[in-house]
Every structure is written in C-alpha cells, then in structure tokens.
Amino acid sequence: MKLFRVLVVAAGLLLLWEALVRLTAVPPFILPGPLAVALRFLAQFDLLLHHGWVTAVEILLGLFCGTLMGMASALLIVASRPARAWLMPLLVISQALPVFALAPLLTLWFGYGLASKVVMASLIIYFPVAAAFVDGLRRADPGLIDLARVMGASPLAILLNLRLPGALPALASGLRVAAATAPIGAVVGEWVGSSRGLGYLMLHANARLQVDLMFAALALLALFSLTLYFTLDAALRRLTAWQPESDSVSAAGFSLLPEKGPS
Amino acid sequence: MKLFRVLVVAAGLLLLWEALVRLTAVPPFILPGPLAVALRFLAQFDLLLHHGWVTAVEILLGLFCGTLMGMASALLIVASRPARAWLMPLLVISQALPVFALAPLLTLWFGYGLASKVVMASLIIYFPVAAAFVDGLRRADPGLIDLARVMGASPLAILLNLRLPGALPALASGLRVAAATAPIGAVVGEWVGSSRGLGYLMLHANARLQVDLMFAALALLALFSLTLYFTLDAALRRLTAWQPESDSVSAAGFSLLPEKGPS
Amino acid sequence: MTGQAPSVRLRGAALRFGGRAVFSDLDLDLPAGRWTCLLGESGIGKTSLLRLIAGLGSADETRGHLSCSDGLPLAGRVAYMGQRDLLLPWTTVLQNVVLGARLRGGRAAARETEGRAAALLRAVGLAGREEDLPGSLSGGMRQRVALARTLFEDCPVVLMDEPFSALDAVTRHRLQALASDLLRGCTVFMVTHDPLEALRLADRIEVLAGLPPQLRPVFEPAGQAPRPLDDPALAQQAGRLMIVLGDGARAA
Amino acid sequence: MTGQAPSVRLRGAALRFGGRAVFSDLDLDLPAGRWTCLLGESGIGKTSLLRLIAGLGSADETRGHLSCSDGLPLAGRVAYMGQRDLLLPWTTVLQNVVLGARLRGGRAAARETEGRAAALLRAVGLAGREEDLPGSLSGGMRQRVALARTLFEDCPVVLMDEPFSALDAVTRHRLQALASDLLRGCTVFMVTHDPLEALRLADRIEVLAGLPPQLRPVFEPAGQAPRPLDDPALAQQAGRLMIVLGDGARAA
Amino acid sequence: AERMTVLLDWFVNPDHATLIVARDGGFFERHGLEVELIAPADPNDPPKLVAAGKADLAVSYQPQLHMQVAAGLPLLRVGTLVATPLNSLVVLRDGPIQGLADLKGRKIGFSIGGFEETLLQTMLGGAGVALDEVELVNVNFSLSPALIAGQVDAVIGAFRNFELNQMDIVGRPGRAFYPEEEGVPPYDELVLVAKADTLDRAKLARFLLALEEATTFLLNHPQSAWALFIASDKALDDELNRRAWTDTLPRFALRPAALDQGRYARFATFMAENGMIGEAGTVADYAIDVNAD
C-alpha cells in the first residue's frame, strides 16, 4: 500500500515533469524530458553509482556530525544562560554565511578530501537541529521541572531526564529538516572542490550542457533525500510514540451503529 | 542591557576572528583581519548600502512568500490525509534539489530580476517552515480536538481555532530557522544571475581579489541575518507568550529567607 | 436548554484497548430530561463509557448501538465536560467559555454570546477573571471555567466527567445547585466519585462494578434535586450506596 | 521515613502575581511529625502556599521566613505532590515512581529501588500496570501513580495538594489509610477539599479564608488517624467545619 | 617519485589535455614526479590556495595573474598551458547582432571573472559603444543557455573552443568576436602559477619539461592522446569534448616554460591603463622562466 503510493507519486511527478516540458516548451538543454533523463540514467548507471556512493558517505557523515554538534550546542545553550547569550548569535551567523565565501578557508583547513565536504554538510544542517532542539528543551513542562527541583535533582539530571526526552519531538522536527537538507549540504560541499560525488558530476555535466546527465544525477540525489527522510521519519516516530498526535483523520470520532430494532 | 550584550557578543566575535587570523596564520587574501574589513566597510559604505538594500528587499519578499507557501502547504497536508501522502514527498524533494541545478530553469521562467531571487529564497525557507508547521499542527492536544468535535466544529474550524494557535510555537521554531536561512537564499539567487545585490558584490569582489570588500559584504549579510532573526524572535515570543517556557535559570526556585530571631 | 431532551439508549457497548477489554456488552438507558449519575472504582471504565456516548473514540475497538428516543442522531446536541479541564491555553477565560459558539459560528457569532458567557462566569464565581489566561488560574478555577463552558453550550444532552472534583465543599455545593438549576429538563449523565453528590443531584444512580464491569442501577433518590445535604434520608442512602460500592470493589 | 521529622515554621509569607496579591503576612506552623490539613475556597491560595513552602516560585514577588526546628534547611528533605499529576509521559509507570531516585542517583540507583516502587504500586492498586505508559491510564490511576511516587520519596516532610481528589470513595478510603500509615512520624501538610478527609487524617486543620486570606486554625481532632468515618464525633465535627468554611466563603 | 599537487581552474576539459596526457601517459613519472590534479568549482580559489601553500601549482588566467600579484598574492607565472586568448564575445549567428556596434542598448551576460568589464570596454569602445550603454548581467555558469534562451543578447567570457561548439551541437550556432582582434593585446589564456617565495625551480623545470613532451605527443598522436584523455574519466567522452579537443589543439603552448617578456609587459601596461592594476611593474615580479638563471 505504502510502496504503491510512493510509486504513484513518482509516476505523477514524472507526468507533471513531462507536461511541464511540453506545455512550456522549455528547450531540452535547460530541462530535458523525463524519458531522456531515464535513458541517460540507465546508460550511465555505473558512473552515477560511483559518484553517488561518494556523496552518500558525505551525507551520512555530515548528518551525523551536524546533528551531534547541533545537539551539543543546544544542550550548552539551555544549560547556561550565558552560553545562550553568546552562542545563539554565533549559531545564527553560522547559518547565514554563504559557502562559497568560506570555501577557500575550508579547503585551507580541511583539504580537498572528504573532510571539507562533511564540514560543509554539517554546517548546513547544524542550525536547524540546534534551533529546534533548543526550542524543545526550553518548552519542558515547568511543573515537571519544579517537581524535579523539589526532588533535589541537579540541573544536569533535570536536563538529561526531563528536558531531553521532552524535547525529542521537537528534535525530531529539526532532524527531519536536517535529513532533507543534508544531501544539498554534501553537494554544496563538493562545490568547495572535489573530483568525485554527485555535486561534482552535476556541475561537470552542467558546464558541458549534458543536461540529461545532470538531471539523472539530480534524480538520484532526490532519491537519497527521500530515502533518508522517510527512514529517519519512521525511526523518529517510534522514538516519540508517547507523544499524542492527532491527525485530522485518524483521531476522528467513530460512530456507533444506530440501534436497529429491539435488541 | 540587551544592547550591551549584543555589543559584547560583536566584540567577542571580532576578537575571535582576529585570534583566528593570528593563530592560524591564514593569509589575508583568504581571510583578512577584522580591522581591514572594517576600514573597507567604512570606505565603501555607500556601495555596500546600495547592494545591501537590493538584497534586503529580496530577503524580506522571499521570507514572506516562502512562509506563506510553507504555511499553506502545511495546512493542506494536515487538512487532508491524501494531501499529506502526495505532498510530503514533493516537499522533501523541493528541499533536496540544489538550487544551482534549477537556476537556469528559474531564470528562464522568472528572468534575472527580483523574481528569481525571491523564488529561490522562498524555496530555501519553504521546507523548514512547512515541516515545523506540520509537526506543530499534528501535535495538537487530542483532548481539545475531541472536545471541539463534540461541539460540532467543522474540520476547518478545528484547524483554524485549535490546531493553528496550538502550532504557533512550532511554527515559530521553523520561522526562526527560516529567518536565519533566508539571506543565504537571496545570495544564492544573486549568485546564479544578477547585476546587483550583496551576492553579486561578493562574487565580484572575490574575482577581483578584493577580499576585504567581500568580507565587508559578508559582515553586512551576517548583520542582516542577526537583525532578522532577533526581530522575528522577539515578535514570535510575544505571540507565543502563553506557552510556558522553562529556562534552567529563570524558572529557578526562589529561596525564602531563613528566619532570623523571633519575629 | 432548547428543545425537548430525548432519552438515550445504549445497547451492547464494548470497548477494548490493545489486549485489554474495558467492558463488553453494557446496556445503559438515560431517561429523557433526567439526571443520571455514574459511580465506580477508579479505572473501571466510567470515562471510557462517557466518551463512547459522546462519539469519541481512542480505543482500538469500539462497538455498540446508540439511539435517541426521537430517532435523531445524538451528535450535534450533546455537551461534554471531560475529566481534564481542556482549556485552550492561548486565549482568555471568556473566549474559552464561548468556544462552542466560535467553533460553530465563527468570531462574530461568539461575540454575540459573550454577555451570556460573562453571566455564567459570574455565576461560577469568576467575575473579573474574564480576560485572564487559563495559565493564571488555580485548578478549581479552571474546572469552573470548563463547567461554565459546558453550561454555555445549552444542549439537551449533557455528559460530565467529575465536574466538581477540584472544588471546595462550599463552592461545590453552590455550583451543584447552579448546574441542577440550569440543566433542568436536560438528559444529564454525570460521572462522580462523591456518593453525596450523586444523591444530591441524581434522579437515578448507576454503579459500574465487577469483573467484567457491569452496570447496576442502584437508586432512584426521591424528591426534587438538588436535595439538601442535611436530609437524614440522604445520609442513610449514602451508607447503603457506600456498601454497594464496597461490594463492587471487593468483587473486582 | 528516615530520620526525625522537624517542625516547620513559616512567618510573614507574602505572594503576589502581577498586581494581585494572593496573600500577605501569613504565619504557619507545621508541628513535627504531625499531619496538618489545609482547607479553603477554590482560588484562595492553598496551592500557592504549598509551593512556597516547597521552595517553588512562579509568582512575581515572594517573601517570607521559613525555618525548621532542627535549624537545617528544608530543601532536600521534602516530598511534593502537586495538584496536577505531573507524570512523565514518555516513560513507564514504574519509572515514574522511581523518578526521585533516578534524578538523584542515576539509572543504577533507580534500578535498586524498583522492588520497593513495585510494592507501592501494588499497594495503590496498580499491580500489573508497571510497564504501561501514563497516557494509557485513567485520571484516578494517574493520581495514584503520583501518590506512589510521593510515598516512594520517603521524606520527613511531605507536602500534598489534593492527593485523593480523583479517586472513588472506596479507593480513597483505602489509600487514606495507606498514606496515614506510611507517613506516620512525618511532618505532613496536605491541601484537601473534603472536610471528612481532613477530619479523618489530620492532627490539625487549618482553613485559609477571608480577604485578605488569613489562616484560621480550627480543629485538632482527637484520637489516632486514620479515624473511622462512621465515628459520630466526626460527623458532628464535619458539620462545624462546614460552618467555618461557609463563614469564610461569605466573608470573602 | 616526488609528489606535486596541481589545482585546475575548472572541471577537467580539453584545455587541460596536456596535463592529463602528461599524467596518464607517464610523462611526469618519467621525470620522477607524481602529479595529482584537483578540480575546483570556483576558478578564483586555486591561485589563493597556491599562494597559501596548499598546492604546488595552479592553473589560472594571465589577466587574473596581473590582478592577483597587484593584490599582493605571492604568485609567479612559471609556465603556459594555452598561449592565446580563448575568451570571446559570442552572439547568436542568426541573431540581430551583426557587429559590435549593434550591442548598443543590449544585454550582455557574463560569468564574473574580474576582467570582463575591461575587455568589453576596449572591444565596445572600438565600435563606438560606451560601457554604460549596455546592460551587464551576471549569468554565472549559464553562458550559452542564457544566450540561446534569448535572455541576453551576447555573452562575454565564452571560450571560443567550447561555448561555440556547445551552441553548434544544440543547433543554435554562435558567432564570436575575438578580443585580440578588437584592441586587446594578445595574452596567454591559461598559465601555471606557483608560490613566489618557495619556488623549487629544478622541480618546476622537470614538470614543465614533462609537459612539453606531453604537448608534443599530443600534436603528433592526437588519436592516442584522445584515448588517454577519455580514459581518465568516462564522462569526458562526448561530442562536445571531441569537437573542443580539435579546436584546442593548435592553441597549446608548444614551449610551456618559455616566457615572452615583451608580451607580458605589453599586457601589464594595458591592464594598468585600464585601471585594473595600479602600475605595470616589471615582468620579473609576476612571471619567470624557470630555466633562466
């Protein structure tokens, strides 16, 4: 059922794409049709796989480091008010600096290899994770915190046992955004300078007007994002299952059968 | 007091920057010291202001459109389960596509003017806003929803009167991320094609080895981000004042004086 | 209360959470225009039964037949006061009271009813707190706002889950009289833990007890509610009711 | 309870939210090892007073002098049961009961005490629900978990805010006896709305009433708590207490 | 073997043929060098990184070299890859622009390199059009798409061996105007730069010798060289590269190490006259012949 839906979405997207190409008469060197892209995808599957693999590693490492850094900053920010006052502006700035300005600096410090891409991807997902987590941590139920204080809990114990679990749903929100953003982080990281990876392949293909190859790479990247997002989503849902959710549909009132005849 | 803190943060940042430059011996053509940048900032204030103004307009419009689109998608997603099934993957994909791949397409459709930058800035902040808002809307207290159902409320009335206000804190989280991200969206837009704006100025300065001018522009951009973030933050805090927050510090227990002598 | 209140008839109600059945095959009649009280041990399923009648499902399986004496569906003419106060934290006390009007008719409709809501708030002793946020109220005050909201709904059928549990004896006594007065003619179903409260207000008392839980109609207190608490008959009945409740507890 | 319970002495307590003073210049003595009950109208400031003693501030201004008979600070040896149940929604009932041990001593310390916690859960009638999440409990069950958690704390001073309000008469009766038994020798301060409960458990009853609210020591019921409810002396005292409460309400 | 890191100016393309062939044909190896080629995405970065000591050599452009040295980067041109300009102003062949004078009031797209305004000023000036009579738009990577899609009327910064073929392949052939025919002194498009203060002349001499041998091989055996080139990366084997390959061959510097002092001095003077650098300076400040002493 779920797989079926995904397939239908995919088919719908492709149709939309085809329609777009036809209706707006976009020249193929700007937006090729899905068929051309699919053919190219199959024809250069090895190449895509080779570069895709590199990018996948960067994405996962970036997600890992970024999440770790983000969570650590958030804990720091919530643990002490001074940290918050000083760290928050830094955090915001970290988000606002365009990569290309930092690229030479990053290459200088981290070299041309994996490291600089991972740093880039981490930087990009760092802020959403940290911001969401901070918000979650600060929104802990004051009643619970009061209770813990009377119980003689240290601020650290309160952080770990009360604020942290309570902030998981908010953290999950941030992580979902991060999961969808990490691929673009890695690709932008490859922009810093590389000779492998989907980002490299795309720029390369773009520079040479191999637009169908570029879109094939793009499709693979989108696939990564979706896989990452929905895998993480499922995992996070399990972790925050205690949190009541109310779909407009799922929590609908049931209806009892009206009585038919005397029973 | 607050202003004082901001000033201290700024001073601290500059010191950090200076220390970085000195300790790591970064050559000035990769990272100039803060003094050189400040001098350049003053010397070319008019130029920076001219380009900065363009970018500021793009940022604000992008933030506005992106937020609107994100909120609308979130409402749609929560309002109907089918919309959720179909729209969510699209949303994730929208986040995962690197802008530069779409840039030729976007400029083809929207030209090199304001529109394409606004579209790009909107695209970049769209997902964080939509994702956070969806999470907030779905986390409405099921008890409240039940109550409203018994009261005979339509799903729309429930959405507007219960889910929406309840989701404001989560939306605020998303908006904070958006505020910090919007500037980079506008800059990337300019970078793809433009003849004005801070992004353009940065590229231009970079190509001419006017690294201090580039960093002056970067500083202005960071200033934009900070202003935007903290302004929005203050506004959002007022809007969600009903939400209990518990700082580790502010919600601390007070202590009664121990009694001294008979009273 | 507008219109004639119907009687409500529930047959073969069953409810299950996961592997644990709360009850199965319960039959219940709520006589038209009368006040029925439900007592029973904590956790036996009173709230679940109330929610089932209100059409609210969170259980994994819910079954049963529900009908009204006038043949019309119950939905849309029932007011529900939950065990939690369920106030909207982001809006004022007054806006919480007019919530029903707002949800059904929008902001304008709600505004027209604000006078009536303010009068109800005065009646429950919250005059002057109309513009406060619920977060600044005490537990009992919050419960009184929820009560005012329920009374405000003006429905022919009213379901209330421990509506006076957080109130002091004096306020409780006064609000029982108020509710009894305002809900005269309504078909009321109220869960309570206080036998005296049940005896004071109910036309009919049911006890949910046993394993599997069964409904046992116990009393039809005589006289017109609200009955005075110092009535010696009431004290005697209270003793008998406690014995029934104790038996139920021992049986489970 | 470990160690000798101190008496607690509060002088000149004052509390203000925004422009609204809740009370000012209250004096209160909690005799060592005795059970003090506090009654009073809803919203008069009982919870606020309890929180003040617990060292919890959310008011805009809090003043007063607090001391213990042994000269040591009160913090760190007081158990607090709030008016809301305050269960952690993400962890099991058992883990909620051992929360104090967990917060003070970490996971390992908590594990050692799980046996005692399970026994307490059995005592409050929740055997078999140890591994459930609080979200799947009824209101009364949640309150019983909170009670178990408070009893688990084993502190010389215990503050409880309407600890039995969501329980049916039978369970309430049983748990009153349990608490009275387990808290023997503790300095207990309990807010309640039920005069009979106060008469059954308290060594001393205080009523908060008036404008500005003042504490009026009313009763020192004779005999050993928990007193049987069918004691005729108790019924008579209940009548007198109701009159005091009614007076207080009229005065305000 | 001694390791060397060379930063390219852009993704691998036929302009780098001699480097690729020298690496994959074993020419570097024969001179005891193990060379790593790294492609950046921003052509502005490599010179900075070389100046910061993060690589031995960078591929850059002669006009940028003058600007970089003027900005204080410790760089020296030590070799030449492509000895003619490649940059050109391109319009659609069947479009409305027949001569440079037609550009008056038109839109010109450019990819910011830092030098395009001077180029345009000189080229347009010759046709009697002032720089402020055209509208400049930064189109970044999308030079030919922007032109083909009609979003701009001309692009500057297009490489004659590359963009022209690109346009031809998609059926919208272009017409190029060459800077060196429109008043701009000829220059070396692609040069190799090294950090001035840590120059290892002997090593560089070996490097350039290997490069020279590779260039000769390229000219003598274009087919085998092409095979080596596409073997280095499968993605390179396409119609565009094949065409660009042919067009680039005659433009490679046959003597990569050789330095034409007069030509460099003339160009420096041109740059200074146009305000791109403060003063022309002496050639020795920015370019050397590693084999001279």
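In order of appearance the chains are A, B, C, D and E, and numbering begins at 1 in each one.
Here is the rule we use: a residue touches a chain if its C-beta (ideal position, glycine included) is under 8 Å from a C-beta of that chain, and two chains touch if they have at least 3 such contacts.
By chain, with names taken from UniProt: A, B = ABC transporter permease; C, D = ABC transporter ATP-binding protein.
Note that the structure is predicted; figures quoted are calculated from it, not measured.
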>> Counting one step per pair of touching chains, how far is chain E from chain B at the shortest?
In response: 1
>> Just to be sure I understand: going only through chains that touch, what's the smallest number of steps from chain B to chain C?
In response: 1
> Of all chain pairs, which one counts the most C-beta contacts?
Replying inline: A-B
> For chain D, which other chain has the most distant CA centre?
Replying inline: E
>> With centres defined as the mean C-alpha position, give me the chain C-chain E separation in Å.
In response: 84
> So, what's the distance in Å between the C-alpha centres of chain E and chain A?
Replying inline: 39
>> Just the number, please: Cα centre separation of chain A and chain B in whole Å.
In response: 16
> Which chain E residues sit where two or more other chains touch them?
Replying inline: 42, 48, 52, 141, 145, 149
> Taking each residue of chain C in turn, which ones touch at least two of the other chains?
Replying inline: 55-56, 58, 75, 84
>> Using the touch definition from the top, which residues of chain B touch two or more other chains?
In response: 26, 30, 100, 104, 108, 141-142, 146, 149, 158, 191, 203, 206, 243-244, 251-253
> For chain E, which residues are in contact with chain A within the complex?
Replying inline: 10-13, 37-42, 45, 48-49, 52, 54, 141, 144-145, 148-149, 166, 169-170, 234-235, 238, 240-241
> Which positions of chain A touch chain B when the two form their complex?
Replying inline: 5-6, 9, 12-13, 24, 26, 30-31, 78-81, 85-86, 89-93, 95-98, 100-101, 104-105, 108-109, 127-128, 131-132, 135, 138-142, 145-146, 149, 155, 158-159, 169-170, 172-174, 176-177, 180-181, 183-184, 187-188, 199, 202-203, 206, 214-215, 218, 221-222, 224-226, 229-230, 243-253
> What residues of chain D sit close enough to touch chain C in their complex?
Replying inline: 17, 39-43, 47, 83-84, 125, 136-141, 143-144, 162, 165-172, 193-195, 242, 245-246, 248-249
> chain E touches which residues of chain A in the complex?
Replying inline: 27-30, 44, 46-47, 100, 103-104, 107-108, 111-112, 190-195, 200-201, 203-210, 213
> What residues of chain E sit close enough to touch chain B in their complex?
Replying inline: 42, 44, 48, 51-52, 67-68, 70-73, 112-114, 135-142, 145-146, 149, 151
